[in-house]
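Same chain, two partners: subunit A is paired with subunit B first, then with subunit C.
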Partner chain A sequence: MVAVPSEFSGNVIEVAGLTRRFGRKAALADVRLAVPRGGVFGLVGVNGAGKTTLLKHVLGLLRAKAGTVRVFGRDPAADPAGVLGRVGYLSEEPDLPGWMRVRELLRYTRAFYPSWDEAFAEELRAAFGLDPAARVKHLSKGQRARTGLVLALAHRPDLLVLDEPSSGLDPIVRRDILAAVIRTVADEGRTVLFSSHLLHEVERVADRVALIDRGRVVFSGGLDDIKGTHHRLTLRFPGPLAAPPPLAGALAWDGAGAEWAALCSGALDELRGAAAGCGAQVVAHRVPSLDEIFVARVGEKATAPVEG
Partner chain B sequence: MDIHISPHDGVPIYLQIVTQVKYLVAAGRLAPGDELPAIRVLAERLLVTPNTVARAYRELEVAGVVEKRRTAGTYVADAGSPLARRERLKILAGRVDALLAEARQLGVRTDDVIDLIRQRDELLQPAPEEV
Partner chain C sequence: MRAAVALAWEFWGRHRWGLAGAAALVAGFAAYTAAAPLTALGATLSTLWFVMALSYVIGVFAYGFEARLEAAESGFPPRLYVLPVPTWLLVGWPMAQGMLAAVAMWLAWDGLVLRPAGVETPAWWVPMLAAVVACAQALVWLPFGVAWLRVGVMALALTALLRSGAYFDDAAVQARALTGVAAGLVPAAFLVARSGVARARRGDNPEWGWFRRPAGGESVAPAGRERAPFASAMAAQTWYEWRLRGRGYVAAVAAVVAVLAAVALFEQPSSRADFGLVFLFVPPLIAAYWGAAAGSPGESIRSTALSTFAATRPLDGRAMVAAKVRALTLAAAATWLVVLAFTAGWVAAADGFERLGRTWEASVERQGRATAVGFCALFAAGLVGGTWRALVANLWVGLAGRTWLVPLQTVVMSLPAVYLFAEGVHWDSDPARRERLLAALPWIVSAAVAVKLLAAGGFVYRDGASRVVGAWAVAAAGLAAALVWLVPPALVPAHGVVLGVVLLLPLARLTAAPRALAWNRHR
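Now for the complex of A and B:
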């Protein structure tokens, strides 16, 4: 299929109808994703949900077989130079040449990026305590991640893509990474897309979130909107129930006897109305954490057959 | 400015910032005219997106707690401003409604709620400066 050049709509990333199969397994199924310019976009999902496959399409490492991928309005697989020059990328296990020294690796990488900021690279290297003479293969996992971060940031990319950047790292390195994310978006107009299964980190730094489960985007939107449309209601029934009653909007239940807590999606007054309709009194209400919403959403689909 | 974010308790982060700044002002730890940190500075310190801090500052401005001065920064507002006072009372009225509704649901009488407010108020009085 010949991709028709799309009008650059102001979204830094636009993915539509993206489907990818590995053998019989659907890694991505009709994925639609729009990442607006500026801000931090968090991609969440369990391991194997399709996050990395999606990011590889965004980076042009995989070519879209069905559907379209646009980054800065261009196809990253067809125009890698036009796209990747403006992108910084850090993967979970950065693939760095072990035989190089840190100093050599920085000089080597710099050659690929006209916009490389030498002073900024040096500032980051010093702040992270990276020894310029150290061989990459002798660096600790944390120092390797920091090296990868310098390489991803030093050309001041318009788009920073991080794939599970905090995975397996200690809190201090994780802090460095999150601070780099914040600093990147604080620079006017820059965008960060990062995947993570550490939902409390995503909840902290993300403006928008997409939840991916088994290759599908379950929901996508502003974090505030997502939190505003999910509620955790504790319901008290006149007598003990063996199982929670059907309640419109309820995604997951927790409880026993006469008191049950429901994680619901929908407008609060409608949910209250529905609760009253099944004879329950709402005794507590709070905004659920992203983690709770995630579990409720993914758990909901756990009984649905996996296609393949 | 001593602010702690707890991402686990479900309260939106911007609201945590709003509540804590209000508390710091109420407790006298932020005085009228004090400057709040710049948005990006606080964002980096708290490890939250700048948009979240910007939203918190906007809410605080609408509530009359802080004011922007010639785009040069955000300062704790002078509590004497009548407009700010009206705004504050409007916001408080909403909170009082929610409080009364909850009290009714829990079977607590309004007089007991008022007593409780007095008790809590005494606890909130500015503590003597610790050295």
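Now for the complex of A and C:
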């Protein structure tokens, strides 16, 4: 009784009302999330925001105690073999068995996936310069990440889950990981769920983004939609101000004197109107980066969480 | 000074419950002895509990619970290397504390439990105990150039030290000589440990790979063989478990048998063949220890949580447990092949087969051929089956991944043994009490059987394990039939045999294993 028709709705992952507490701390609070089939879904948030906890629920490593998690329409904790057989996973610290040689690790992992593409695995291993005779415990951090990436990709998973995969790695390995993401989604219908706090990377590859802050999804949507509804306006006031005035839609302010920059959420025309209502003139406008939106949303000046 | 206090706090604070438990064990026996003195035999047997507590204390002060004894690297915790503390203090202070704690425990046990029971112990045991502690610490902390070498060296060195008293006939000479040896060993152990830790501290771990390297050639990692893919996911997982937990057991048994054989070479030639029987008890004995850790799902036997790598294998829990059981079954079979082959060779070399033949003929004459064969088969099945049982029965504890379950299970499983021990003390002196126990025994056993079957039924109902139940039923029926045939009804009635078999063969704990794993895997 694990099959629900989420695959028919086009969503690879459906999370509804997921709440998880560790002691008194709510790691996740009523999380609702839908990851559609195809494309790259970026999950962003500061350290401790709940990204890894959410991904562990998706992998079935944590059982949903309140709410539901469905991956390919199945409960990953009730049917781990059915779900994990279609998932490739790479974490920030891939805890691969150190006693195995790279060759043994590939041979062992291959046995679990009928869709394992040996030629592809060998191609990736050679491209990443992994010595098949090397023991995993003797590999550098970057080589371990690459080994984990080969294991995650070689069975051509329907869903690739990457949990902070490039944190602490050098730019070459990070490039390899991003290339793998791009390569995966090049295969039609495959999906990548990519958690990171390196927002410029997410911005490069993600089609959709969800921001998690203190266990809640602050906003979620297409990257273009998110950027289309956020604006960085530079406002000039008639005279110097000690603090910026209240402005509908403003998430964060920066500046001094008579010229202030506001990062705002809303329609541009309405924001211009609101600025004029405060006696300010919009002297510059640009689309903010995801980084700026993120800081504005979760920084101290952020407004209350809004479901996006 | 403050550094020494901080280093001491790490032992006494971190292991406060375990050390308090060891102290409580000594205090408990001392209180019991003060109230009702033990017999000499009772006190001597109780010393087994003391030895277990003492081993724990030595393990604590040797950082043994975080060291990998089989590793070539030093077992000294690397996290301490960065402390601004000289190496002699890093090494000497835990050594001093370990020796003091062990000697204090021994003096308390000797004075409060053994001597009131009339058991006299030689005075040289005190310095020798200190030397054993220091040597154990030094060997754990010394880097070896080859994996597993430490285990062999430790087994040989500690066995030689513990048996050192047997090499002297004159007690006075023995006391003088061994006190002198112990007095020399303690500083020697300190110097060895200090040198080893200093070396490890500067990252200078030796690599004795010369025996794998061609003469004059470069040291290269072996390329490994190109092997065919696994036939199935189950085959791959069984291989994984064999490498993780199975083959280590075979190696551990082989090492212990080798050490025993080395010790036996010092015995009189006439008694060497008897060691063949001793070898046969090594596999179940080691399995009792190995089985306690075999369920541990991680790379290290001390890891409780499943690694993400292991948890994300697309395999359901029952298949993962089945792979573990298969690997351990394979390990038990391989171990017995090795031990039987070695024992046969040993007995042949010691000219023991002739005596064995005479014993066999006498047995056949006394009991009849069929019964003698039956008892032999049962003895063999008991050793092999007991080994397997010890390896797999407690998998659920490790698989559950909760550290608190280990001591809880140990205490719960020890309670019947403690109770039986207490009853055994009064067995001869209180016939009325003995009769009451014998009358209640069938009820106690029946209740235990009922609890076991109900628990197993619950797990089977929820998880399904019809093949396990089927195999268990066949094994139980076969064993019960053999025992009913062999054991005289006057000794144990048939229903008692059946109840005993049902209790003996693991079922509830085996069927609980997948649920325990799921509890750990899907937290």
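Here, the second predicted complex is superposed on the first by the 291 of 308 C-alpha atoms of A that agree within 3 Å, B and C clash if a C-alpha of one lies under 4 Å from a C-alpha of the other, contacts with A are read in each partner's own complex, and residues count from 1 in each chain.
The working rule: a residue touches a chain if its C-beta (ideal position, glycine included) is under 8 Å from a C-beta of that chain, and two chains touch if they have at least 3 such contacts.
No experiment lies behind these values; they were computed from the predicted model shown.
For the composite obtained by superposing both complexes on subunit A, the positions of subunit B and subunit C are free of clash and fit together. Once the two complexes are overlaid on the shared chain, A:221 sits clear of subunit B and of subunit C alike. Legend: residue contacts after superposition of the two complexes on their common chain; A:94 is shown touching subunit C, with no touch to subunit B. Contacts of A:266 after superposition: neither subunit B nor subunit C is touched. In the superposition on chain A, A:113 makes contact with subunit C only, not with subunit B.
In the superposition on chain A, A:142 contacts neither subunit B nor subunit C.
Seen from the CA centre of subunit A, the centres of subunit B and subunit C span an angle of about 150°, rounded to a multiple of 10. Legend: residue contacts after superposition of the two complexes on their common chain; A:81 is shown touching subunit C, with no touch to subunit B. With chain A used as the common frame, the shortest Cα distance separating subunit B from subunit C works out to 27 Å.
Subunit A contributes residues 39-40, 175, 178-179, 182-183, 185-186, 200-201, 203-207, 224, 227, 232, 283, 286-289, 291-292 to its touches with subunit B in the complex.
By the touch rule above, subunit B contacts subunit A in their complex via residues 5, 7-14, 39-40, 43-44, 47-52, 105. Note for the complex: subunit A touches subunit C at residues 59-63, 77, 79-85, 87, 89, 91, 94-101, 103-104, 107-108, 110-113, 131-135. Interface residues of subunit C, counted against subunit A in their complex, comprise 221-224, 226-227, 229-230, 232-233, 235-237, 239-240, 243-244, 299, 307-309, 311-317, 319, 521-523.
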